[in-house]
């Protein structure tokens, strides 16, 4: 029966090509890392399964694929291409983040800034490899080690690269435990790694209340293009700290961010449709992504050492590695290495502070690059 | 176009240097401001204390008015005041939530009321730390 | 004052016509079944109230009706016409469904497949009654006894029938306790109803983790058009079973599915605006819907009996009736009848397995019919 | 480097003008009232922070501002301009509201109606000040003391005024404790304030179940244009009272309404971009808003006194002030004043009843004005 | 155009009076209907009682069928019936939720079953009022 | 057009037969694969055990490093490690959640730490099974 034939020629079995197989393996790898290794499962699991869904071969022009208008995936993907999901994720992040350690040690913020240098080194490298400026900027932001930020900037500057850049960003965030330690060990002496950080002073509620407003004004006056990320971020944080809208803060850090995370990860994964994804550019992006992460880590650590040249109260340069946000992976690594060098050396709290400033830092960089290139 | 040529053609050096400067500058300023926040905070808190002192004075009026009442009546009042709040909390609720809500509602001596309601069996445990309203 | 007159001529009282009254009674009936009889309240209550809201007479061209662009109802209805709500509901269903009994007794899956035959008998009957192919397919899927699936396929093939088909599907799902038992009793002997099912073997976590991936690949490779339903479904299930993203799974099976359920039911109900709904076609659809459910039940049960001819380890043919998903109504009926025939005969677990495979089965059928007819 | 120059000329510092400063101060004032004074924090905090975000100076035509298409804020604002957020908020409100006290004392509903007279006085005043009819109606609805209702009607009639009207409405709702007491004291004698209300009779579950349906039919048949607000409102209430869909009701009164509240407040705040907001009209709107609230309070109280002329069982005229919804602020004020005049005079329950009817009343008025002017 | 002139030009008086009349009329009717609701309610409840009486009769059939079984077996049944419900509730759950779900599921003697499951250690506390399913 | 005529005109028989065949085939294949899953599972689990064994070895390093410390110190460490996690959980939290989070965070001897924190009154009950962080 030709109806049957026609149907069978539209099945995935018939339409399958080797690139789909590659992507299906990539997706499975992500799922393995998420479930067996528990590397950033909240990110890798949705993306990994999304990769599987996006790479089931299907007959084009049928309203199924994420790149076909009026497909369900396309509607869900809308939140990615418009940058709405990243903003919402930042709202939830703000409602989760505790800035007290940063408020207690403001100068740790400089490490968060320093780690962003990786972005600009990568920008130059990407240009040198022949990427167009907007593409180069989107690739460079991978060095910010911040998934939503990367996706947001790429959606604005180079939407055709959302898939590869998101995958690269999240892969390397999951591989933080493999990327960072060697660099940290290489660039620091045992003595430096042993430096203890002083205990944190208590931070008053009023300070915590003033911070979101101050942060918003200062950061967004400087780089207005970071409003879509930092606006919701500081808003969420004020909801958390104010204590007068707990029910809103609670919803923001549960239902809202979870929903955004699910659909962001799932659709970004599905956007890696083999024929769109597997391009020479993707290879370059992965290569540059690795550089971005390494340079970011390195510049954070080195800046920590430089600060020590000028300040009498030394800081532990390992903290520089936590400046590449990648919340909370890098902070954990820093803490681990601190403990290895000296079982009494607990760096988690100051490392979280660097993480927080790293998030702000890369959001600002996204704003800067966006306004440079639009 | 590749290599240094591409970089300068695309104005890459400028972008990199400018970008780096801007973000460093921005976060440095922010960290400086943060390091001064506690002073502003201290200043504001002083003001706040004064006001809250005043506010206390105001608040006491209704409180005093209600204190002398006999416990028997107290319960009716508590019910009258708390029922609508409970309604907002849904069928079953946690006492902490009720406290929050009631306090925000500026109702008189919340803890006393709620305790008396529990004693008089208006608020009864529904198991696993939640309670329901019976009347 | 003519302003007052003009206003009064726009009130529902003035515009009321008998068809609205009929629909208002239908809505009230749904609410009665939902609240007093507790028949599938999660579905019938939102739909019932939606029917009331959709059938308040109003002045057209005013931006109020669900079929007028820029009305609030129209925006909320968007999730139905695009098929987004059904996908989201499947995400939540996946995060709720426990496949262990199906994994323990894979051959129960065949019953879920058999029950889908009802769909194809109905397809033919609908054609015979003169419905157009796309309409016939949308009507046939009612036999899948799966609300979101019916709505999804109808939204893709015959959007003008969403109202009647959804109402029919949900009505008969609510009437399962009345439709199925007689058919089950008619087609099975007391001896067959007494057949006990063996205890389930334990299913390892790894199996539960492999299932969603395997299910996605096998089902969607065969019928890619079922991706929008089965993709989120298996995704939700993996989130649940992985145990590494509990917060996401938790949100998926509460806030997300509840929200989708509320707006899906409410707007589908409101889409039954009398002038659009009360057509001769609606009558035909209700008639065919009843046939669809009955045939689905019958084919499930009969297939169970056929299987028993070939397998040495007999299965209880009642389970076939649970193949028509209608989660969890049909499983409950099967269990009830099992208990009536023999107070020690507990069929709930295997019946849930058939339910689960019935959901997958009708989603595949939706994909098949869609690709036949686009 | 001219790149740097060009960037700096796009910073907020460079683009700042005094009107932004004014609005930033307004936003800070809102945050202060919300956090320090705890005036309606659920409304004022999101709006206040939104005002800050919306008034960071930025380079136009860049896709940042809430009024530029494809900006994230614009997409989130969509729920305001379409009226979807207000409808969703009403869904949640319905799932929170307990009508038993209103059902026990139906005649309190008249006070909720009387308080709406403020709307019509304001309508006339606004016209007298030279506002166009649609603007005048949007301003008048401020007298309904109901944020979502005001936003909804304004979105439909005079979208360009959403900002000022929402700000005015929410400001005065926060200032209820300052606006209402003097008026109440002025218009009532100590003797009247001392009137005790009888205890409420118990209300049966069936009554609570019939009310949402009856309310929907009666209100929306009279003013179909209030369907978008009252439809979801009564739907939410039926979910709550039915007791058969608790999970849906629970989600409606937490995740759903919280999400809508966050985005509604945040974007309405952000819509107060100085150049759009600071117009002579805004001044007029604030002036009229104050009048609206005062007149609404007054007409409620006076109507209470009038009712006492005809009814043998006297009611406490203070309750009239609770007819201007402003949930739950006004009810609290009424209760306070009742206690001040007589420490045993508890008016909270009947006051909540008036609140509830006030919500319904102003939703109906919104429908009436909308259908007058479209 | 300003003042009275504007008002009458824009048909303001008409709108104000008509609007006021309509809302007053509407809420008056509603309050009248509400005041009669309890009669309708009473009427409906009578009917409901009759039906529920009938339904009881029906329900007893399965119940009786299961009662005589020995407790030992009872547990297996309870497990069979409740496990899928528990699955719906997620990894850990509150007993109240399980009760609700099970009752809505019209399963026989829910409380007895759940208790026996707790006694036989199938349902074990996970701390803070929540429980998990072990088998 | 009606009846058999319509069916064959619309290619109905073909669609019905083909559709039925496809879904039966599909689910049959799926059920066959499922019935083999436990073998694949067993195979994978073997591999996993090997790796987890290795991982254990690795993990012990930090663990050993911390074990010998006196309990007094232990608490500071626990605080340092857990506070940020607690921050994520919001004002008040359930211990189970804290355990999950801490374990996922690969922190050393979680249960010991949390217990010591409770003993030293850093984590204090907030009623109904929830706890708050005091320091």
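The chains carry the letters A, B, C, D, E and F, assigned in the order they are written, with residues numbered from 1 in each.
Methods note: a contact is a pair of C-beta atoms (placed from the backbone, for glycine too) under 8 Å apart; a residue touches a chain by one contact, two chains touch by 3 or more.
Since the structure is predicted, the reported quantities are computational estimates derived from the model, not experimental observations.
Student: If you tally contacting C-beta pairs, which comes out ahead, A-B or B-D? Let me know.
Tutor: A-B
Student: If you average the Cα atoms per chain, which one ends up farthest from chain C?
Tutor: Ranked by distance of C-alpha centres from chain C, the top chain is B.
Student: Using C-alpha centres only, name the chain that sits farthest from chain F.
Tutor: Most distant chain from chain F: D.
Student: So how far apart, in whole Å, are chain B and chain E when each is placed at the average of its C-alpha atoms?
Tutor: The computed centroid separation for chain B versus chain E comes out at 32 Å.
Student: Could you grab the centroid distance between chain D and chain F? Build each centroid from C-alpha atoms only and quote it in angstrom.
Tutor: So the centroids are 44 Å from each other.
Student: Among the residues of chain F, which ones contact at least 2 other chains?
Tutor: Answer for chain F, listing residues that touch two or more other chains: 11, 15, 17-18, 22, 104, 128-130.
Student: So which bits of chain D are touching at least two other chains?
Tutor: Those would be 3, 7, 38, 222-223, 244, 246, 250, 254-255, 368, 372.
Student: Which of the residues in chain C come into contact with chain A in the complex?
Tutor: Residues 82-84, 87, 91, 156, 209, 212-213, 216-217, 220-225, 227-228, 231-232, 234-235, 238-239, 242, 244-245, 247-248, 250-252, 254-256, 368, 371-372, 374.
Student: Would you mind writing out the residues of chain D in touch with chain A in their complex?
Tutor: 3, 7, 10-13, 16, 24, 28, 31, 34-35, 38, 41-42, 45-46, 49-50, 52-53, 56-59, 62-64, 70-73, 75-76, 254-255, 258-259, 261-262, 266, 270
Student: Please name which positions on chain F make contact with chain A in the complex.
Tutor: Touch residues, chain F against chain A: 11, 14-15, 17-18, 21-22, 48, 51, 61-62, 65-66, 69, 73, 76-77, 80-81, 83-84, 87-88, 90-91, 104-106, 108.
Student: Please give the residue numbers of chain C that touch chain F in the complex, ascending.
Tutor: 102-103, 106-107, 109-110, 112-114, 116-117, 119-121, 123-124, 127-130, 132-133, 136-137, 203-204, 206-207, 210-211, 214-215, 218-219, 222-223, 244, 246, 357, 360-361, 364-365, 368-369, 372
Student: What residues on chain F touch chain C, complex-wise?
Tutor: 1-4, 6-7, 10-13, 15-20, 22-35, 37-38, 40-42, 44-45, 100, 104
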